[in-house]
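A, B, C and D are the chain letters, set down in written order, and residue numbers restart from 1 in every chain.
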Amino acid sequence: MVFILKSGLSEATIKAFSESFERQGFSTIISKGTEHTAVCLIGNTASVDMDKIVATSGVVEYARRVTEQYKAVNRTVHPDDTIIKVGEAEIGPDTFTVISGPCSIESEEQIVEVAKSVKASGAKLLRGGAFKPRSSPYSFQGLGEDGLRMLSTAKKETGLPIVSEIMNQTQAPLFEDVDIVQIGARNMQNFDLLKEVGQMGKPVLLKRGLSNTIEELLMSAEYIMSSGNSRVILCERGIRTFETMTRNTLDISSVIVLKQKSHLPVIVDPSHASGIRSFVAPLSKASLAVGADGLMVETHNDPAKALCDGAQSLDLKQFDELMKELKRRAPLENRKI
Amino acid sequence: MVFILKSGLSEATIKAFSESFERQGFSTIISKGTEHTAVCLIGNTASVDMDKIVATSGVVEYARRVTEQYKAVNRTVHPDDTIIKVGEAEIGPDTFTVISGPCSIESEEQIVEVAKSVKASGAKLLRGGAFKPRSSPYSFQGLGEDGLRMLSTAKKETGLPIVSEIMNQTQAPLFEDVDIVQIGARNMQNFDLLKEVGQMGKPVLLKRGLSNTIEELLMSAEYIMSSGNSRVILCERGIRTFETMTRNTLDISSVIVLKQKSHLPVIVDPSHASGIRSFVAPLSKASLAVGADGLMVETHNDPAKALCDGAQSLDLKQFDELMKELKRRAPLENRKI
Amino acid sequence: MVFILKSGLSEATIKAFSESFERQGFSTIISKGTEHTAVCLIGNTASVDMDKIVATSGVVEYARRVTEQYKAVNRTVHPDDTIIKVGEAEIGPDTFTVISGPCSIESEEQIVEVAKSVKASGAKLLRGGAFKPRSSPYSFQGLGEDGLRMLSTAKKETGLPIVSEIMNQTQAPLFEDVDIVQIGARNMQNFDLLKEVGQMGKPVLLKRGLSNTIEELLMSAEYIMSSGNSRVILCERGIRTFETMTRNTLDISSVIVLKQKSHLPVIVDPSHASGIRSFVAPLSKASLAVGADGLMVETHNDPAKALCDGAQSLDLKQFDELMKELKRRAPLENRKI
Amino acid sequence: MVFILKSGLSEATIKAFSESFERQGFSTIISKGTEHTAVCLIGNTASVDMDKIVATSGVVEYARRVTEQYKAVNRTVHPDDTIIKVGEAEIGPDTFTVISGPCSIESEEQIVEVAKSVKASGAKLLRGGAFKPRSSPYSFQGLGEDGLRMLSTAKKETGLPIVSEIMNQTQAPLFEDVDIVQIGARNMQNFDLLKEVGQMGKPVLLKRGLSNTIEELLMSAEYIMSSGNSRVILCERGIRTFETMTRNTLDISSVIVLKQKSHLPVIVDPSHASGIRSFVAPLSKASLAVGADGLMVETHNDPAKALCDGAQSLDLKQFDELMKELKRRAPLENRKI
């Protein structure tokens, strides 16, 4: 059950209203929109007389039952689109924000070169993997802490905010300088890690698991939000099907579903979704057209020598071409790049 | 193995070259492109000395081994895009051709009204189901022969070429006035029906089966082409996955794969792919952006009362809006609508 | 809605009861069980006063609403297991009936040799493909009518009833001597073919499609039963998943679902489900243990030279070994082999 | 590349042989079988002259190239079946070991009652969840450390070794008294956790992820083994497909694949695979018949009131019935229960 409050209420009034329910044994989530604040009750609300509260509380504009299991991420609870600001970057309904960089950070030279180039092409954030989840224990596992240091250097040299994947709770202290913490597909239901990043006070980029449903993705976002962090970015990166000609199957419709069901921004990762370099540009254009709020695209200064996922990485020139194509199309979708 | 012949050869020369292989026990497929004709050998070509033939035949420009099982549909055999003309409509690389109409033909008034409206909005072909494959024997099975007559009336009144689904071989005579014969998803591997439509002398719209791979779709197209019909349009209409928030999962990447592997035109059916009306416009725009050659979109004059698939049908005004959105975007993709 | 009638009623009484509903616009299905006959109404039964009819008709033992879309195949309508007798073979709850033979009939010698051998080992029916659905038009398509003649010869020489796949409606006359008509996985939703075999007056072996749900399989069986043929055998043969180490994924749980939801017999095809010879025996034993009513197993006199599916075919000795293993286990499951 | 050594070699000889490769830059895995020890090289072995080493080293019986990415878990490297002993329980080719207990530990009374009962019925190990991965943050998350204490009490009172799921690395110290550490399906590719349990010195029960391939399961086992722990039990628990009548789809064929590719024991979890109580017994019997080495079955003293997964839990009497059925069948499969 969610109460959308009247506008202009004081913090104290809102808190008092919320606490009146906590005294009855409910958990509450307070969600602040542009104009209205909402108070969402978690628990068995069958016995709550919603209409009476609307009529008598004096602070409620209107109320709704939230039948879905996801509450804080639900658009019913927060009708406006959430906009997430990171440095000068903004991820939300008016922009088409492109995050780019290599699968793995391989050296300081590499990451700085890529960072400068993707920034010049129009990327607003830099990605780079330091801790790599690899299906084989014998594959390159990332540069770890050293990699994060190199990524920080690239941030300093370019001003680009940085995104990197965290693999377990004990790594949290290493991510102090990282602007957006990424949860990878394989950890989408690592619930303890979700709770941890819910308390890190940073935006979280949450990737959909390889065979997780859209509802499960929303429930994982709910884990993060219910731990106190409302800045979650959802990322569609392809699901596993029987089709073998592409690495995964981009579920482009999921972008539409997610934008309808939730207020959180949604981006697409066309690199992992296809696994094939020549697919990245057309899938990126399709993602813009379908209503995504941005992209995460893998680029590399020398894809043929990449330590990881070279076959799906654009080189710097190809990325620049892609950005030009996107810039031509963004105005038609009322998006700034 | 395919021999791309020199340009300007006479029919007789081509035939003689082709027959020289048939005498050795191979089947051959002759494929005519804009500039070059290709002769493709079917059979075990391990013992054929390709280089010698190129060097000595005097008619061969170059030759390639075709490792894929699909030959006639293979882009190696026919490097140019195939363009299919039907009346004034054209399906190919320079156009974005929209086929529209109701799931089921319900009455003459209905189909004529829809036809006039979608034509005015910019559709180039009219679809309408007369024989409906329904999972329940107790569901409406279509108007059958009467339906096809009503569809012909709509064709006469609007000049739009018509598309309708054939369900079995005995129906072929009823499709004389139909311009494009559709093979539905459930019949994609009804091989006897594929052979039959291969001999009907009409373009065929071949829908991908619910869980068929891209390669299987190409092999089904090969059935039609190897029966003598080179005018095949491939249609992605969503595949079955574990996701339940959409009716099917649109495999938008398949458009890219199909255009790379084959020379045949590829269209998308966003109505069946999603099963949800509000998804049709964004998926249509994404299909244009990803490189599809057109769409098949379900429209109805009164979706709430449709006998079939009302939830995914656009009303006539929504379809008109969609066409306007597509027309604004088509020039960026170098497509005419 | 289904009315389970009192026992001992005359045909005329049952017919009169049934027709009283047909006059009101319902279709009816009369289903005869061992002790009770049931009359099932098809149509919108919301306005039918079920309790009143039970109270006043004088012929009804009890009644139930059938909420599922499948009616005639529903266990609610026919609580007893259906037993299908073909010659001396019987497929039902007390037996574990093994159908065996080659993927394709290749010659009279081959099919007769295989028939004699599998009969000696304990198979009760002989299978053999004459019309083969192959994904490539260039693969062996079966011996067709000649193949059926050879199969008939094997039937004459061994007394084994025969099973063969029909691929389209026009072939019906050729199947006169065939005892069980098989609908292949790719034709499970070829609804016109289902209607046709519903009128052939022979038992039908209906294979589950590669990515069809259990409910869709039941609806396809409903097509056959509602066309007048109550002798349908359901066959699980593996579904398509992302797993590539086996040809398909045997959905062994589907046997349990099907036996709960329907009264029809259920068999398993371990050969197509796995595509690997060494998997056939363990999957066969698992099928017996899980409650299947029988198997369809591919055998060949010389698998290495088989024109079709050799990798999954048992040789005659391996089949004999398998039958011995099954015979040892069948008594524990209260089944005769 | 794996070298199977002659029998009767001293530890020192084996170590010297192994170290001769480590000096060349390879990692090595030493795998001890019943009769032979194997030394497996990890790294690029293209330049290693295998035949020369076999001929000249004097300690090698024979050698093989291991083309698969999984090495230590590979049956080529360790041809004998691995047998894992835990207290008096034994998991391997001669036994059919049943692990049972509730989804969640709910109270000391509950877990002790269940433990006594399943032991009397023939279970050899007790399972109980203390840390529960739940898709909703608002669902019961387990009793945590208290739960583990109650489980230890049940172990003390019955002598049954205990199995419980670990959810993150920081919990390792809490699992000191736990005999088998379980990695849940959602953590199958939580690689940091796999490395951690690889160093805990306890057997690990590794569940297959919901949509992971068999090869990925083996690679995850390789993570554990390459971290120094060779006692890994693989568990098939159903995969995600489009079928909705069961919670998951039991991939029973995976048992056969796993036993062929790897030497590790394989058990089945029929409770999660189906999600339906009445499916547990037939799937358990099928698992025994197909060649599994045991089961993990959820039981509860009062399933209707279970805090978690009640619908799939057997009550204590049903479990006892199941064990009787399994005991009747085990001798036919040459297994002791």
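Keep this in mind: a residue touches a chain if its C-beta (ideal position, glycine included) is under 8 Å from a C-beta of that chain, and two chains touch if they have at least 3 such contacts.
What you see is a predicted model; the values in this text were computed from it and never measured.
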(request) Averaging each chain's C-alpha atoms to get its centre, pick out the one most distant from chain A. (result) C
(request) State the pair with the higher C-beta contact count; candidates are B-D and B-C. (result) B-C
(message) Just the number, please: Cα centre separation of chain B and chain C in whole Å.
(response) 35
(request) Could you grab the centroid distance between chain B and chain D? Build each centroid from C-alpha atoms only and quote it in angstrom. (result) 49
(request) Would you give the residues of chain C that are in contact with at least 2 other chains, written as numbers and ranges? (result) 211, 240-242, 244
(request) Enumerate the contact residues on chain B facing chain C in the complex. (result) 27, 42-43, 69, 71, 133-138, 167-170, 186-187, 189-193, 195, 210-212, 216, 219-220, 222-223, 226-227, 240
(request) Over in the complex, which chain C residues touch chain D? Could you list them? (result) 211, 213-215, 239, 241-246, 249-257, 260, 273-274, 278-279, 282-283, 285-291, 328-329, 332
(message) Can you tell me which positions in chain A touch chain C when the two form their complex?
(response) 211, 240-242, 244
